[in-house]
Each structure stands twice: as structure tokens, then as C-alpha cells.
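First, the structure itself, so that you have it in front of you.
Labels run A, B and C following the written order; every chain starts at residue 1.
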Amino acid sequence: MAQVRTLDVVQDVQILPVERARGSVLGQFVRKKPLGAAGGVLVLLLVTTAVLADVLATHDPVRTSMNVLVAPGADAWLGTDNLGRDLYSRVIHGSRISLLVGLASTVVGTVIGGLIGLISGYAGGKTDLLSQRLMDIMQALPILVLALVLAASLGPSLTNAIIAISIPIVPRAARIIRASVLAIRGLTYVESARALGARHVRIALRHILPNTMGPFIVLATAQLGASILVEAALSFLGLGIPEPYPSWGRMLSIAAAEYAEKAPWLVIWPGLAISLAVFGTNLLGDALRDTLDPRLRGS
Amino acid sequence: MTSLRRSIHFLTLVLVLLLAFTLPAPAQAPKTGGVLTVHPLTAPPSLSPHEESTIATVQQVSACYSNLVYFDPAKKQESLDTIIPELAEKWSWQDNYRNLVFLLRHDVKWHDGKPFTSRDVKHTFDAVRGAPDADAKLRINPRKLWYENIEAIEAPDPYTVVFRLKRPQPSLLLLLASGYSPVYPAHVSMAELKTTCVGTGPFKLKDYRPGEFVEYVRNPSYFIKGRPYLDGVKWVHIKDRSTQIAALQAGQLDVAGSGWNKANAETAKKGKAELIVVESDSNVNDNVLINAKRAPLTDERVRRAINLALDRKSYLVGPRLGAATFGGAMQPRPFGVWGLPPAEVPTLPGMGDATKQKAEARKLLAAAGYGPNNPMKLTVSTRALAIYVDTASWMVDQLRQVGIDAVLEQIETGVWHPKMTRLDYQLALNLTGTAVDDPDAMLFENYRCGSQRNFSGYCSEEIDRLMVEQSQTLDHAKRLKLVNEIDRKLQAEGARPILGWGKQYAVYWPRVKGYPQHENSIFNVSRLQDVWLDK
Amino acid sequence: MRGYVTKRLVIAGITLLGMSMVIFVLMRLAPGNIVDILFESAGYVDQADKKQLERELGVDRPLAVQYARWVGEVMRGDLGKSYRYDMPAWKIIKPRLPVTLELAFLALVFSVLLGVPFGVLSAVQQDRPLDYVLRILSLAGLSMPSFWLGMVVILLFVRALGWMPSVTYVSPFVDLKANLWQFTIPALAVGYRSSALIMRITRSAMLEVLREDYIRTAWAKGQRKTLVVWRHALKNASLPVLTVVGIEFAFLIGGLVVTETVFNLPGVARYLVDAIQLRDYPVVQNLTMFITVVVVLANLAVDLLYAWADPRIKYGSA
């Protein structure tokens, strides 16, 4: 059995080739996994908000004004912050940043990690041993601490934040993909393909890769939530996305600490936004894992 | 009772009542005892004021040291008139303000028991001024500039010190009275003084936990008899602002407010109406560094446009939450001694009508070749700390309102000053807090050609000359005129536009008596020997 | 078995060594070295003074030399001097260790006390309303940023309920009540999130076990359901649960960083953040190594536990 560790779930993942179902997959999904569907809706909401931010916002998120620390009302739906900026518009635009950073780091991290895992698992031998040790080393530190050190080294900027958050994902992704590759590699039909003289790359791409898609998707969804959380923590500690990008985590660090008493809305809404976004991805991720991996239906 | 008697009774009553209400109430006698728990700006980087430039160190270590002379804690506006003796009993200027002679106290002991003598004074200030024959060296020496006018320091006998100057400088006395100028013991190494305190002050260091607290206990052999009143002082550092406020309200802190803004003070008071809030001016200002050596800022019109675009009224409401004063390079009157005449202040750029000034800014930019079809791109740099970032975000928005495509760049601690010194920026938001409200300190540090803190790279021979002239001018009225003239020129040139001067807050419980607060500095009040607790 | 243990120990050693190099290099990649920071608080830059200081601190030597020096010191047990505070790093870390350890320990206790029973309950009530509620609660815990939870908790408890513990650390040996008053809320805040994970694992492990034949046999034989659940099922589900508990301890540390900041507990994790921002190399290096050691040891303990519990598991199949 392959022992696999992701950020928030330790599971025994048994990988089987994915059966392609046709027809109303979506309908089946909604019926069987209502929580997952709810999660899907939340994620969709996040994506829509991010894409349509300019339309949905009522003010320029960066524009300061004389109306500081105004309570939520007709003019400013969620109130204003200490520089008179409209909180609602900032939260809306913040979705863009969170999604962008979350997606970018997840994609970069899981793709790089996945590639390493694929090569490592397929090639075996010394390559495998070496990359395993490398992954062990990278995984030895908790995500936040590693991201912290990286962000401090690189400095606060959008690209650096993405790099800092994606790097801790790499070993975790590598581990999972490698495990699934190992399982598949031993399957009869792969061995027969080899016997028939197919080239390694062809085998890797044609047979192995598609069958790691299941765990890959599960992994990506789980890590998306994790990335958003790590980005928020980094911004909170001052190391993530710099101003003037309205990042949810940063909104919580400055305004919340100073003005929490006077203007609790500054604390509530950005935090709620983060929680809902991550909650949605987690729900969706759970449901996806259940569907793509029937053996795990129990969880 | 006869009517006469009644009248006499009545008159006596009236007289007694009159006396009772007009005679001053007898002052409460200070009680001894108790430990004062205070919240500082932040945890101190080290315990050595001579090697730091932050209030965090000065405020938490002043209780332990003594100066030659100090500012009277009870007088709110610091000036030459409020200087009181500490280690020096008497002093006198000789030779037309060229030599300063101090006659020292005979009865002072260091906290470790050794006697204080003139050798300690010479040791301290030779080290600070970087004298070639000094018996000690400071690893980091931010205020060497203050003492560059000193030719030599002599200690002819154990209780006399003579400062020989190159040219007259009446302000030297003020510089020596600042919280940054304590006297160090000659028998303790400079390195040791970073992590411990051996002083002659009213309190002895009991325990120092970096990042947590600094704890003091009364010095039983303090040279001022009957002081301090308190048994001890503890400076406790809490990172989170709302926890600071909550701790004050719960009574776990006696005093807080260092680094607070108006909103914090109001929040504290709202939760606990008994708290006393003291708001005063401070000698700290937000200013803008404009790198005139980098395009497009080489154009004088562009620089002026930027200054005009930054609406000071909006600055007051937003970043300052209504608590700021306005003026030039010296702290504004009436609390600052050397500020521009109040009538002139509203005419400074950025102070007028916002729409008009922004329109004028746009015109200037257009004349320089920038407009909607060719927007100017500028980067505003600031330090990656909350107080700076907020104001800088406001700045970015103001510039965007006149069509400048401005972005914010946050610089990490450690990289900020090297970057500024290298002139590796376009616009920068800076905070300047000078220890003493004196032109010698403020003008020399920030505007003299080649000064290490002159981050905007400003250099004018004429201003330099005027600066030296005012430093030697003995007549106060004449000197004030000179200083104002310099200030006017600096503002006209937009050398380093001043956004505004912030206020400082002290919030404390009524049981805390005698807590000092000055109007034109935050650095010179933390001796705390006259503070007492009415418990 | 011996081979397995040795191999594991060797791996742990390599991991530690590799980590030490990574941390060492990363810290020095950061713009601004310790000398810059020291001058920072002085508010000026003097090139001559800087060079002198760099020479004194040994910061101008080549990286390899500095690294070798550091490794040598660690081997000798010398944790070096904090550049920032000019005192032995150990002197700064020592009073902070008990704080972090106590917080982590209490958080772990809470997470197990909350996670295991709820996990069992959830499994037994699978797909019924209680199951959904518990799952949503636990997932919510995992979705909230730990610092936000801390802030909300403070707003709630401090503002609304008047919870205000001592502003300085009170040792449990000095005043146990005050100490617990200080630690319970923060430990719950951290523990809640960890408990979510433990709950999920317990639930899935229990579900697997509950489906097993011997459980059904026991039921068929007429044994009481609760007894079966707690006696048999839990025992067999305990291994994966223990695994998670061990791993969670390492992940807790990430949560501790923000919790110590928000709740003003003078622990090691909070100091790590400060030290990183202050470029205090010796402290950061030693603290990160310390955390790595803890994590590696935790993983090692878990692996050894597996080997001891299940002789079929041989190193190489994982």
C-alpha cells in the first residue's frame, strides 16, 4: 500500500485506472455528493468574482477618501477602512489576487512535483533514491516555515510570493504522483506494452500519465485551498503580496490589528472570504477524491 | 440674634467660602512604592542609546542612566530655559560660547558601586565624537555629527569637564540634554552595554528578556534624595495592538500609548472611561524624499507638481485620523520653538484648496510633457511597516489623481537605509523623528550636504553657510529669523516636502501621577523619577 | 528490522544535513545582511563602519567557511550568539522553549480529545445528519486561517467575555491557574484546527474497520454495538490515528507561529518570525534546525511504530 501525505489528509490511496463515465456525470455528482456540489458552487463563485471583479466592485479598491472607518451602509456596503477605501470593492478584488496566487502556486508546484514524481517513480534506481531524499529534505519543514524563510529571502512581491508558496508543494506532489506511478507501473498491461517494444516516453505519456490524473486532480484541489491559506498567512506576517494589491491576508494584518475595536467589519469580511474560498475548495476536493477513487468512498 | 450678628455670620461664611475656593488645594503628597508597567513603542533592538536611533531604546533605558544635564520633565516645551542639572551641578560658557565647563557632582555612584568622575564623561563623549585618541570606540555611531564641533574634551580634575569647541555653539547644551546623550561608565565595555545597563540613574536593571520585557528596580543610592518614588518599572512588549489596548483596559498595563494613533487612544478610552488620554504634539514628521537626480524628477516643475498634488488636508483625515499639525522643516509653533510664523503655513504647497492645487499640478506636468497620452510612471518606496505603508498607499492614490501612474514598492528592513543613501529610488515616504527641537540637530542631520541622514541628496552651499551661521548666533531672536529664512527656502525649493507633524499619545490610569509628556520631543522624558502611583 | 531502523536513521541524518544547508543558503540569499540590520536601527549607513563590523562578525568570509564554522559549533553544542542582541542564542531561546512546548502539548491534547471521539461518532453515524454536521465543522476548522481564528477569538473572548490573562508569561510551576488561564484559549484555537484533521482520519479509519468481517461477526454474535465499536474497532483504527497525531505535531508548529503572535505568548515560534525579519542568522539557523529535528524525529518515531506494529512492512515498498 502506498503511504501518501498531503497537507491536510493522510490517506491510503489505491490507484485504479479511471473509468470514463458518460452522460450526466454532473447530475450524478450533485445527487450523490451534495457537499461536494456545494463546494463546487463556492469555487465557481470565487472564480466568477475574480473574473468579474471590475464589474462587481462599486469603487476603485485603491482610491483613498476622507470617509475613514465608516460603518457599512448604502455608500460603502461593507464599510471603509482607515484610509477611506471601500472594503467591499477591496474584498471583491482580493479574490483575484487569492485565486491568481493560489492557482499559480498550485499549478507550478503540482506540475513540477508531478514531473519529478513521474520521472522518479518510472525511472527507479538511483534517480529515484536521490529525488526521494531531496523531497524528504524539502518536506522536513512545515509549509509555513519554509514559505516564510523563502519569502524573507526573496522579498515581498507577487512573483516571489508564488514561488515561495509553490516550493513547499513540490515534495508533496512528487510523493503522491510517484506512489501512483509505482502502482501503475507494475500493472500487467503496462508491462506488456514494454514487452511489445514501446518507448519509455510513449508509455509514460500514453499509459501512466492519464491514470495519475485522478490523484493529481485531488491533489491540486487540496493544495489550492492550502495555497490560499499560506498566502494569507504570509501577507498577514508582512511577507506576501505587497500593497497596493488588495490581498485578503494583508487586509487582515494592517487594518484588523489597529482598528479591530473601532471597525470590526475590517476583521470579519476578509477573513470570511478566505474561509469560504478554502472551504469550497476543500469540499470540492473531498468529493472529487471520493468519486475518482471508489475505494475511498468511506470518507 | 441681632441683625448685626447675623450679618457678621453671613459675611464670615462668604469670606470662608471665598477663601476655600480661591486658595490652591494642597498638592497631594507623592506616595512611594509600586511598580509601574508601561508599554513601549516596540521591543528595543539593544540597550545602548548611543548606538541606536530609535525611541524604543531611549524610552526603555532612560530610567537607568543620567545625563550631564537634562530637560525638566515638568515643563512641557523643551528649550534652553528648561534645562536642569543632573550629573553636572553647575555649568558655564566661557570665551563667547566657545568653551563649556561642567562642574560635576561629588556624590554619584554607578550601579555597581564604583564612583562617577569626569573620566566617565570624557570617555563617553570622546567615543561618540570619534576622537582619534578615544579610549573606546562605538561599533555603530549615528550621532557623531552632533559633536563634530568639539575640538577636545578635557578632564582637569575628577569633578570638572571642559568641552572645547571649534566655533561658538550655544545648542551644544541642548544636545547634551537629550535622551540620546547619557553618560556611560568608563569601566564597562561598549559591547556589554548593549545587553545590560550600568548607569547612575534612578532605577537599576533587574532583568532583560529580548523581545519581551525590560525590568527595573529602584536604585537605593540614587544621588537625588527621595527619588525615585516607584519601587520599580517594567516595560512590557505586546505585539498585537488590540491586545495592548485590552491589557491597558484590564489594568495589566499602567501606561500605554507609545506609537498609538488617535483611533487607538479613542478605543481605549471608550472601553474604560476612567483612562486619561494626553495628546501632545511631537517632533516627528512624515516627509517625502524626492530624488532630484533621477528622471523625470530632475525637472523642477515635476517636483513642484508632486508637492502640490499631495493634499495635506486629505493627509490629515486619512493617514493621521485628524491628529496632525502643519509646518515646514522645523516643528510648527506654538509647541515647536523654531517653526515658521503661523500666518505663513497655509501658503505652503499642498496646504491650499485641493482641487485648485491638483489642477495646477496637472498644468505643470503638462508643461513638462506629461499628460493622459503620456502618463508619468513613478515608484513610491517606503519601509515595509504598517504605519509607513498606509501613508504611502495614500500618497500613491493622490499621485494617481493627477494622472501619475504611481506604484508602491515596499523595502525590507535592513535594505532601506542603504537604498536611500545610494539614492536608489524615485520617491520615498520617510518618517523623521529628531531627539531635540533644535536647528543644529534637525537641519544638520537632514539637509546638510553629505550628511548621512540627508537621504534626498539635497545640497546647497548657501543653505550650508546659513546653517553654520545660525549655529553660532547667540541672540535668540536673530537666530530664529535665520532659521525661518532657511526653512522658507527649503520649502520653496521643495527639498523634502513635509506632509505633516504627528501627535503622540499617552494613555494611563488615574492612579499614575506625574507621568511626563513634552510637546516638542518624545525622547527626553523617560527618566520616570518623579512618577508615583496613588494606590 | 535492524536494517530498517539503521536505514531510517541514516535517512534522517541526511535530511538534517541537507536541511541545514538549505536554511543556511536561503538566509544569506535574503537582501540585507545582519550588518545592514544593525545599522538600520541606527538610521544611517557608513561604509567604513560597516566593513569593520562585517569583519568582526565574520560575515565577510566565504559561504563555505561560514557554513563549516556553524556546523562545527553545532557539533560542539554551541548554538552561537545572536547577532541582533549580542547574547548567546541559547539564552534567548531557553526561556521561550517551555512556552512553545506547553502550547503545542496542550493543543495536541485538545486536538485528540476533540478529534477522536468526534471521528468515531461521525463514522458510526455515517451519512446521517450528525455526520454531516461534524464533517462541516471540522472542514470549517481546516479552512479558516489560523490567525483569523485567533483574531476572532480575541475579539470574542477579550472584548465580549473579558478574558484577559497576564501580559507576561506565567510558568505553570509558579501559578498553575494563571498559566492555564493564559494557555487554554490559544491552545484551543490551535487544537481545533488539528482536531479537524484527526477527526477525518479517525472517521475514515473507523469506517474501514467497521466494514471488516470480524466486526460484523461480533455484531451477529449479539455483542453490544458500542462495546464492539470502542473495544475492537478503535483498537485497530488506532494505528493510522497515531500516525496522524505524530505528523500533526510537526504541522502544529506552523500554526504556532501565528498563534503566538496573535495571543502574545513569548514562544520560540514567534521569535523565529522576528529573527527571520531581523536576519539574525544564528538564531534562525538554530531554530529551524530545531524544528527540523523535531519533525524528523516525529516522522522517524511514526515509521518505527509502523515497523514494530506491522512486521509485514518492509522498507522499500513505501
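Methods note: a contact is a pair of C-beta atoms (placed from the backbone, for glycine too) under 8 Å apart; a residue touches a chain by one contact, two chains touch by 3 or more.
Since this is a predicted model, take the numbers as computed values, not measurements.
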item	value
Nearest-to-centre chain - CA centroid comparison	C
B-C against A-C, pair bridged by the larger set of C-beta contacts	A-C
Chain located farthest away, centre of subunit C as origin (C-alpha)	B
Inter-chain centre distance, subunit A versus subunit B - centres from mean C-alpha coordinates, in Å	47
Subunit B and subunit C: spacing of chain centres that average the CA atoms, whole Å	42
Subunit A-subunit C separation of Cα centroids, rounded to whole Å	21
In subunit B, residues with contacts to at least two other chains	240, 242, 412
Subunit A: positions in contact with at least two other chains	152, 155, 238, 257, 260-261
Junction residues of subunit C - those touching two or more other chains	30-31, 154-155, 159, 261, 277
Interface residues, subunit B side, partner subunit A - complex	240-242, 245, 261, 263-264, 266-267, 270-271, 314, 317-319, 321, 384-386, 389-390, 392-394, 396-398, 400, 407-410, 412
Subunit C contact footprint on subunit A (complex, rising order)	2-3, 5, 8-12, 35, 133-134, 136-138, 140-145, 148-150, 152-155, 225, 229, 232-233, 236-238, 249, 252, 256-257, 260-261, 264, 267-268, 271, 274-276, 278-279, 282-283, 286, 296, 298-299
Parts of subunit B lying in touch with subunit C, wherever the complex brings them together	37, 45-46, 51-54, 57, 139-142, 191, 194-195, 209-213, 236, 238-240, 242-243, 246-247, 250, 252-253, 412-418, 421, 452-453
Subunit A contact footprint on subunit C (complex, rising order)	11, 14-16, 18-19, 22-23, 26-27, 29-31, 126, 132, 135-136, 139-140, 142-148, 151-152, 154-155, 159, 196-197, 200-201, 203-204, 207-208, 211, 240, 243-244, 247, 250-251, 253-255, 257-258, 261, 272-273, 276-277, 284, 288, 291-292, 295-296, 318
Contact set on subunit A toward subunit B in their complex	62-66, 68-69, 82-84, 152, 155-156, 238, 242-244, 253-254, 257-262
